[in-house]
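Please find one structure pasted underneath; my questions will follow.
When the chains are written out, they are named A, B, C and D in that same order, and each has its own residue count from 1.
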Amino acid sequence: MEYQDSEKAVEVATRVEAFMDEVVLPREREALANDEVITNDEIEAMWEMAKDRDLFAPQMPEKYGGQGLDFSDMLPSFEQVGRSLIGALSIRANAPQEGNMHTLEMVGTDEQKEQWLRPLVQGEISSGFSMTEPMQGGGSDPKMLRTTAEKDGDEWVINGHKWWTTDGLTADFLLVMARTNMDAHPYSGTSIILVPTDTDGVNIVRNIPHMGGHSITEREGGHAEIKFENVRVPVENTVGEENEGFQIAQMRLGGGRLTHCMRYSGMAERSLDIAKAYLSKREAFGDPLAEKQSLRHKIADAETKLHAARAIVRHAARELDRSEARIEVAMSKTYTANVTNEIIDLAVQCCGANGIGRDLPLAHFYEDVRTFRIVDGADEVHRRSIAREAFEDIKEEELEYICRFDTNRQMH
Amino acid sequence: MEYQDSEKAVEVATRVEAFMDEVVLPREREALANDEVITNDEIEAMWEMAKDRDLFAPQMPEKYGGQGLDFSDMLPSFEQVGRSLIGALSIRANAPQEGNMHTLEMVGTDEQKEQWLRPLVQGEISSGFSMTEPMQGGGSDPKMLRTTAEKDGDEWVINGHKWWTTDGLTADFLLVMARTNMDAHPYSGTSIILVPTDTDGVNIVRNIPHMGGHSITEREGGHAEIKFENVRVPVENTVGEENEGFQIAQMRLGGGRLTHCMRYSGMAERSLDIAKAYLSKREAFGDPLAEKQSLRHKIADAETKLHAARAIVRHAARELDRSEARIEVAMSKTYTANVTNEIIDLAVQCCGANGIGRDLPLAHFYEDVRTFRIVDGADEVHRRSIAREAFEDIKEEELEYICRFDTNRQMH
Amino acid sequence: MEYQDSEKAVEVATRVEAFMDEVVLPREREALANDEVITNDEIEAMWEMAKDRDLFAPQMPEKYGGQGLDFSDMLPSFEQVGRSLIGALSIRANAPQEGNMHTLEMVGTDEQKEQWLRPLVQGEISSGFSMTEPMQGGGSDPKMLRTTAEKDGDEWVINGHKWWTTDGLTADFLLVMARTNMDAHPYSGTSIILVPTDTDGVNIVRNIPHMGGHSITEREGGHAEIKFENVRVPVENTVGEENEGFQIAQMRLGGGRLTHCMRYSGMAERSLDIAKAYLSKREAFGDPLAEKQSLRHKIADAETKLHAARAIVRHAARELDRSEARIEVAMSKTYTANVTNEIIDLAVQCCGANGIGRDLPLAHFYEDVRTFRIVDGADEVHRRSIAREAFEDIKEEELEYICRFDTNRQMH
Amino acid sequence: MEYQDSEKAVEVATRVEAFMDEVVLPREREALANDEVITNDEIEAMWEMAKDRDLFAPQMPEKYGGQGLDFSDMLPSFEQVGRSLIGALSIRANAPQEGNMHTLEMVGTDEQKEQWLRPLVQGEISSGFSMTEPMQGGGSDPKMLRTTAEKDGDEWVINGHKWWTTDGLTADFLLVMARTNMDAHPYSGTSIILVPTDTDGVNIVRNIPHMGGHSITEREGGHAEIKFENVRVPVENTVGEENEGFQIAQMRLGGGRLTHCMRYSGMAERSLDIAKAYLSKREAFGDPLAEKQSLRHKIADAETKLHAARAIVRHAARELDRSEARIEVAMSKTYTANVTNEIIDLAVQCCGANGIGRDLPLAHFYEDVRTFRIVDGADEVHRRSIAREAFEDIKEEELEYICRFDTNRQMH
């Protein structure tokens, strides 16, 4: 399917596609076929290649070593990296690193950018975003956030309990959401604080055992449960304005939701590629499976819905480049999450036992994509926002017409 | 939802929206509330108003009295007219008239345009498109077309049996698909011939009783079953090149499918407007129904899918303005048909008994939209095309990878 | 599919099936093919035949001329009658007549049975059940019922506004739900009162225009909007105990919901029969449509879901013969309503233009079955009941386990 | 939900339920909470307790130490064991062991029963069923089976390549499907041969990495890929009649499909129990999640569909106790597989991040249940059978009616 992406966007994406086809996917296939682990050295070698090919960190400004693309223009590149289990990692466009980069780049001080952002982009260090808490804190309802940071002189003293901090096991620093003004509503009393993980009182409790969770790379950042006990960091570690943590998080998450959509769209497209190849190759009852109309038609519907997802993500990315685009992002996220789940489920079904086994990447995809309907706002949270907006827009004339009946009926 | 439509498109659509809100919808509501029929005189008065407001026949060149918009630019106007049962009719953008205009404008001779197109645009005469035949002829498989036209001197002699000719009861002329070269494959041996309905041998058998079929206007064009028995018309009545009827029909239908999508999107949007107003007004168990989360969330999903439909129809319209866009149109048509069916079904459910009754337009919408998954290519036909294209694009690398396993497994 | 129905049930159903195949369906097909109306005389002739064949009014005791079957045993007969548009009518098992018979038989006085039930069973008179009111009254929330009956001497004086009284246009009497004790909760202050339609103050306002509504019989009972203005009937016209109207209505509706399920299951089965015959007969692209795997598989799913519906309706009927079976009935009703809607939609799609036309009964079925998700408790109302029951049954151990995590997490 | 199960069935199931609640589920919860592995000794201790409580191996005759229940009567017990990850294992009712027991009990010789069945029931040895082959062999199309067994004197010489042999890593013997008469159609030329795994030439290649695959028990039977290279076993090891392997496998699989349905129904029920407890406990935006109508209604639908699944599995079990019940089993399998997948997906969604993590069993369930739509006949295979049966039953009258139109239309 051709889209009306900008020339720049197409140009970078074409190089990303070639990198995936020539370097990344062949290595992924090899690793799966032989049950091998891809080493850190290999990943770092890919980063070098990506730099040589001018496609490293498309989301970052050129001065930090990226390609300087906005959401619309990074879109087709991010779709491409989603095709491989290690695609985003291979060009340093993987969550949560790219979202953390985005946050620092957007609201960080010059010092923070120099000290943390520059090496983060280069992959010299890693990071985590500590928002979610056990018992719903840091989830859809901001009132439930419990982690606090109190000022003591020129230091923050942080206490709290976070979990599901992605890449938390290998992070060098964490961006921690904490309430910094207990008297205010959390929306205006929460801050983001940068906490190096080697600070006293930072306790990485465990990698939370979770669905899927079979990494094919040596480095396993995991989803960490972390306790913060009287953790002290300088007040300068505040990221963005004090007490504006939720606003910054929303900006971070708006973009993050869309980049997730892009990557998962690529994953779904790859799944269809595999399913179609598989069906073309295998036979039953004397015909290639690809001739069986039932699966063909389901694949047609899958292609159609994936096209629809890609179209509304593009629309939302264009809007996000110039506004908050809250509803556009919510619709894109919930729609893409559901459609990519459906499509990957279909691809698994098409490949039968090979869909369940790990010689193909589909089982990994299946386990991975399931989280997408929950993280970054569960479906229910986005539906809530979309519905609220929808019901703000009641047409007066329709209301009057309906009321007229009632009056008629009551009067007589 | 804001789209990135052109200034011209938005400008006309804004006027169309106002016309609907100020003139057309109030009259529709009145007619429904009082079980009245809207007369031909009233419709003609609307045409005059539409001309005064510069929004008559947006799809036609200005020299025939239209607004000269291409597919992309007519789109938001066509969405607007879909909101009312008589919206498209009220500005002469209703099927099949607008498709027939489009065909004559595209391939008609100057004489045909002068004699038939000009008065057709003005609403002085009406037309039908006689393609479909009983027993699948003229449907998805061109080989099954049975109607023939044989040359006898400078006349065509037409014999055949058509049905489901929309507006056939009131048509002044028909565009008839007939095989004109029996030795060729129908794709290169079929022509479109213009047949005035008062020609000898044209026999309008009946208005086929069908789902819905409750017109709220005086004029009831119906879906006609028509027999052609030795019907003679001059050879000059060939519309477009002889034997290229299928190519012309495809062009006509490509655009027609999209304009259907636009109108039905508007119908779905209106249905949601009504449902939301209704839910806001009615109560059960102490709360307005609008507070009931289950229907709210379903409405959120409906808004999301409608947005997706509108986005891919826009994409397809842009492509259609410069290419055949066969797959884009097929995806748009089947997706929009299914989504608008779902949404209107939901709106009926939201309104309960009022969704079933005819004081609201929803029952009409429900009956009407059901046909959309069948006409202009049933879902199954479009899925077939989409799948065929999808399976032409098998990735070699995936195929090789799969084959590698097989070899491994067989060798040992 | 074979069920483990009782011998008696199978025995009557076999006769009903034969009656449908030999008498009723042939006449239905004839009427559709020729766009004819089936006369009252014809229906009465069918009643005579049904009596001769010992299958008249299966739901009524033999002393009133019925077959004396309980819910379990009437089930397969009611499935059979659902196959035809006039099947239930042809053996006097049609709603709302059979539900009204059931009510009078269950709680009526001997005098009421003699005066009203006996001729009602015989078809000498007809009846309606006036429960639903405009603006949600008489719907899912009993508090919204507004019709009142006040005692004045030995008469009830009834005032109120009802609508959607099925067969209200031709009814000789109505069973009217009215609040008879305004100080009590409606559950214990509402009565059912028998009102002859020729009583002063009974005003049949209109037949509510509604979805479908194309009867193929001469007699058109309609769905009536009715006003009651100072309508006086003797207090003896109370049906069942005074102030126990809701309890009686629940009994009536519990059974009524199941008999609806039975009839609509038959309608769905017939739809599949037609779709399969159609697909076997028609061709496209060189094969019979029946060979097209996509529709075949959808029909397989339809058969499976219909089987599931029939199985749970059977289970509910067995339970209803010995208990209230509220949840069993709610599940059966909402599941069957949705499944039969889906199946009939599929059958329409299978038959293409013939599914939309009225030469086949599918368009009638499609319009008719849509009401089933709304009447007798909309889906939402039944889901509400099922959920309430489900959440009453929280497992203590699961709760404790979940709480344990929270404690752990909070403590440290 | 109450079913009309036999007294015996209910009586055993009540004891199984208590065993799950008192012994098995508490241990499962402990193991998950602490990320512990349940040892073989613990499992063996559970077997002893199960014997003491008279609920060990319900599917086996009492003379082998089981409870002697037929399919109908074991049903509610098998539903109970499905509630825990180790439930079936804890009473020795786990696949594939119970299916292999069933096969040996059904067609094994007295010697085979003494040597293999008796210790198998007792858990002294373990077994595998080697049917599936790479490249579709042993799948839905029997013609693709490639493994062969040739007679050499009084020995079979087996060559072939199998995979997905569940419990293959720990099996003491395998039941191997092999072609034994190459001239016959596989349906009448295939045998089942018992092969001890310590026989020369049996090569357990690997445990196929697959979706999920996180066992919480010490013993990990896995899904093995196995090569058979000139494996020699005595001809007496034929299980059942020579060349009747497919018939026996069908009998085995018919029952196996149903017992899978029973266990997965229990898994789905447990998932709903957990989801409901979770929703009751957690809050968002000021209310317990359990008050949120959208999830409540989805749970209502889930309960309804699970009820439908359990009803048709019961129906099929009753039929299977007296016939082949091929279509009943196919419908039960495909319906239950889809419904339990949906329900477990819903439960994951209800629990959010806790649905993804492994403190609860839901992530395990989610990964596990996905296989159920593929193993024991993929959905597509069962739909194929159901459709074939459905299309054998075309009603003559419907066909004639449709043809009549065609004739009318062609004649004139």
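Heads up, the rule we're going with is that a residue touches a chain if its C-beta (ideal position, glycine included) is under 8 Å from a C-beta of that chain, and two chains touch if they have at least 3 such contacts.
On a predicted model such as this, the values are computed, not experimentally measured, just so you know.
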| item | value |
| --- | --- |
| C-D compared against A-D, more contacting pairs | C-D |
| Chain located farthest away, centre of subunit C as origin (C-alpha) | A |
| Distance from the mean Cα position of subunit D to that of subunit C, given in whole angstrom | 39 |
| Cα-centroid distance, subunit A relative to subunit C, in whole angstrom | 50 |
| Chain centre separation (subunit A, subunit D; CA means) in Å | 37 |
| Two or more partner chains touched - positions in subunit A | 135, 292-294, 296-297, 359, 380, 383, 405-406 |
| Subunit D residues touching subunit A - in the complex, by the definition given at the top | 35, 132, 135-136, 139-141, 144, 163-164, 208-212, 214, 282-285, 292, 294-295, 345, 348-349, 352-353, 355-359, 363, 366-367, 370-371, 373-375, 378-380, 383 |
| Touching residues on subunit C, where the partner in the complex is subunit D | 1-4, 21, 25-26, 29, 33, 272-274, 276-281, 290, 293, 296-297, 299-301, 303-305, 307-309, 311-312, 315, 318-319, 327-328, 331, 334-335, 354, 359-360, 380, 382-384, 386-387, 390-391, 393-395, 397-399, 401-406 |
| Touching residues on subunit A, where the partner in the complex is subunit C | 134-135, 161, 227, 292-294, 296-297, 405-406, 409-410, 412 |
